[in-house]
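Listed next: structures, encoded as structure tokens.
In what follows, chain A forms one complex with chain B and a second complex with chain C.
And now, the complex of A and B:
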């Protein structure tokens, strides 16, 4: 797996410090940057786990028709126009006129006439196989509605709904007339019944101060006695009788007919696969030839809110054709992006591609991903990108893992990969993000900046880094420290020393803290008062995964 | 192995672009359209392509056998497919980026779905109306309903290409001309 950087969202834990990366809980608290949101009000990162989601619109993914939320339930969450899914391969079906009965194989130039069939362009399933043809190529769902409505399962469901409807309405009514504590528990039920009638009856039966309570359903003048109330008592419900016996319902599974079918089976293809059957919500037919085209399920556009301040973090445009957002507060626009590069991996890949140049493409896939061999030292590069329009100063620090405090100390310690990370500990700047057209004018400015940086760097580099360079004593380029600055990107080099007995992945938590100028200072001259208090600080944790460690024995075997 | 002798016989009504890689003994029938960047290799035996076929870009058709590779009429080879079948009937569709091995013979009205690999180890003949589809290259039989529609569409497709391709591409002529 390629090296990755994941960002921390503190929603799962009470403390701001994330769990160490070797614990299983770590993977739940860290997310890729592109999935995170940023709440400006709270000044905090929000992930998909903690935001509250609400549906802003429903639409059909095939015809892009926006379905008003009022009719979504009536249409059973599926497109009620012309969109159907192939029961065989789940592709969308097209309505085409059936072939003319006779003729030379050419279609007359005039208007094509019915009957029409539904036809899958992918697997060539057509609705005539199961005996469905249409008079006209529009309003297919309406034409199929009679099949759907007359199906025994949907009739049964309607009856069941009717049966409970009366009960729900009376209990809702009773709840609204009786005490408030009862009201809350029944409120959810009343939502499912017709909300208009419920509201009307609730309004009629509202308590009037000073007037004695009258409960028309319970026929008791004492409002307190609702515990014995007949309408509220669940046990008093009339027994439900199903329309038909379960065994007789087609496709209910089991029984003699299925055994007979299995005995006369000739091909596996005659039995519908699980995937095909699961698309049907009620009856899942056993035979492929019983599968019917299904209306395409609706999709929804959702907006998300911050859990703390309920401000909207992301809100799509209402139109289903549009892929834009009205509000979009992505963390990628606030936090510096980090990309990991492993120079030794790149070298390996280059060598591989050279070697594979003459070979076919398939051979390249088989190559095992090269990891890091235990006992060696590797360099890595962090490529930081500043998304802000202001310059930022970043400080990186690797979180120490105190294994002794972790539960199950010794065993944990033995398994934990012992490796040491060295990263520059000093602050380093990243230039502001500018639109592409701005770069053209600023080119000469960058040269000056780089010179200044060079002078500044010497003094600000930490002692350990300089020590490391001196010890090497060779004329090779430095590996730890700021390696390159270009536009709004800064490349920082680091080194990892892997212990001889190391196993697992090189994975460590890294705290990224940065200072930036707050929005209020935008009007002021940049750089004139660099130490003014309007400079703000933000910090977040990341987990860096540099990839697996290959133990020495394995490495030797590969060679 | 003797060097491959090129011999191209292209019907005067066929549309074969200049930028097509042809090798060996190849015959292309009337009204067949070969898009630029297609490759037709007759390594061992000759290749004979019927009339009204459409061979799209980056298609690779190879004959590794000694005997003649016959491709029938009104077949569609979509972008990036690779075909090595010793024989192909009429009205077949080989969809984009699919691959058919030299062990398979294709009859008529077959469809090889997008990206399908048809690579049986033993020799096999795909019956008429066989549809290969899906990631697992599943097979099913087509009822044949809608084939008139499809043939009509194929004809219109070819007519359109026959008109448009010469406007934007140099054409290749057979050896005879």
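And now, the complex of A and C:
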């Protein structure tokens, strides 16, 4: 695994100290920076798991038609136009004219009439196999409507609905006639309401004794108690006969027709796979040749809100295929980005790229497997990028891993690879983000040219850092500390010493805290002068993964 | 010499003799087969790698100047790629249709692309097959070894994989900036040896 830095999102938990990285469960709370959001009101990081999501618009992924939210429910979240999925391979179907039956090979110019069929250009399935043809290539959904209406599941559902509807009406009528007169206006209203809500409220009244008092449907029966209600339901419910015998239908679970089917099977491909079958909730077709084309389900564009303050974090544009956003609060615009570079890997890769020069991609030698040999000391570099328009001062600190004294303590300790990290502990500044033309030409500093540093940076430079760099810059190449600064990036070096018997990955939690001076009116609402700049700080945890450790035996075997 | 520590990715080296650099910054390999170059438009800073075949000669019948293939800025056509405009027989007439590719599009090695329209910030993997008359919208990522059947429409911000290519997941909202930074960084690192 390439070295990576993942950011911690506390996800509204009370403690924002992340779990130690050697625990397998810790991986769920760390995310790459480009998937995180930042709420300005709460001043907190939000991830995809803790935001509250709501749908902004719906569109069909095939015709890209934006479906208004009102008709989404009517169309059962599917595209109502000509978009269908092949039941075999889930590819989109195209409406093509069926081949003419005549032996005449030539296609007459300008004529493409004739019955149309749906055809999949990946697996060559076509709707003629199940006998569905169309007269014209548009409005396929309407033409298929009559097939769908006569399907056994929708007929069954309609009959069920009629049955319960009739029963609900009679029970409501019974309740109202036994009640007082002045409730009749209420009941005429409730009769006009949705029969589904009436059924739901009756069911609720039955199950929870207290609710019936507030239910206008049951209000009239308070005098009689709830026993009458229950007995009314039990007595008057007529028995429902289903339209077709379930056991006799093929595919509905082990009945006679299924057994006959299995007996006469010739190859496994005749039976539909589970993925192909569960689109249909009623009777799943068992044979592949019975599978019908499926309407394409709609996709949605979502807007996301902070769970704590309901501030909008992401608000997409109305147009279905536009990738711009009206509001986009990404964490990458607020938190410094961190990239890890391992110099020893880079040297290996540089040699490789020289060897690969001129070779085609297929013939190139692959990258060497990443890893660090146990018992050695390696240096790594953290490349931090400042996205803000103000300079920031960053301080890094490695989180101490608490050794647990629980009964499973020894096992935990063995799993935790022993290594020591040394990072610069002093604060170091990073310049603000600005357009490329604003930077001076030769800002490539190696820590020695402090004069140019003093010009460009302003007052955020701390004297200790400058002094430290002057001391070490010329003596020997530094590995720990600020290595380089350019534009709005700073490279900081660190070292890791790996123990001799270490195993696993080198992973450690790192706390990054930075302070910045904000001059804008945000400081004004504290009651201070709006123009007074105040120092604000923010901190977040990250997990740094430097890669696996190659044990010394393996390294010796490779050599 | 290990280079500046600030560049986190290694430079991608090429031999200077192999690539022709135009004044708009396009780098075209001499070993790429470009047919009909007068019908091909390259936006600036596009890299066409060796072994790729771009058929600008398959133009639709008709008078005048026709643009057959147009590529945007900061594009990368990988090695061994084939870019061929799609064709259709409609009412007895056979015709080629122009292929339009947006900015910041990276096409992996050995991919066959016959799509009609590719949007901006699209990343296509290696060994893919993009069928005829495919419409790929913006900020799409297509995994390696995907086969996209003809006439597919790929909506924006999706990740497609498999064969036939199917929708896997939505990409994060910051995809546009990430892909833009990646393609610009790639061009900056693409240096003569």
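Everything that follows uses one rule, which is that the second predicted complex is superposed on the first by the 378 of 559 C-alpha atoms of A that agree within 3 Å, B and C clash if a C-alpha of one lies under 4 Å from a C-alpha of the other, contacts with A are read in each partner's own complex, and residues count from 1 in each chain.
By our rule, contacts are C-beta pairs under 8 Å (C-beta built on N, C-alpha and C of every residue); 3 or more make two chains touch, one makes a residue touch a chain.
Owing to the predicted nature of the structure, the values given are computational and were not obtained by experimental measurement.
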Touch count on chain A, higher of chain B and chain C: C
Touching partner for A:321 - first (chain B), second (chain C), both, neither: second
Contacts of A:308 with chain B and chain C, given as first, second, both or neither: neither
Touched partner set for A:119, first chain B, second chain C, both or neither: first
Which superposed partner A:42 touches (first chain B, second chain C, both, neither): neither
Which of chain B and chain C A:261 touches, first, second, both or neither: neither
Chain B versus chain C as contact partner of A:129, first or second or both or neither: first
Which of chain B and chain C A:53 touches, first, second, both or neither: neither
Touching partner for A:98 - first (chain B), second (chain C), both, neither: first
First (chain B), second (chain C), both or neither touched by A:434: neither
Chain C-contacting residues of chain A that also contact chain B: 89, 107, 122-123
Complex interface listing, chain A residues touching chain B: 88-89, 96-100, 103, 105-107, 117, 119, 122-126, 128-129, 269
Residue ranges of chain C touching chain A (in the complex, touch as defined): 2-6, 8, 10-15, 18, 50-51, 78-80, 91-92, 109-110, 121, 126, 131, 137-139, 147, 149-153, 155-158, 164, 166-167, 172-178, 193
Residues on chain A engaged by chain C in the complex (per definition of touch): 34-35, 48, 59, 61-64, 89-92, 94, 107, 109-110, 112, 120-123, 299, 314, 320-323, 325, 328, 330, 332, 339, 341, 343, 346-347, 349-350, 353-354, 357-358, 360-362, 381, 383, 444, 483-484, 486, 489, 491, 493
In the complex, chain B residues that touch chain A: 111, 113-114, 131, 133-134, 140, 142-143, 145-149, 151-152
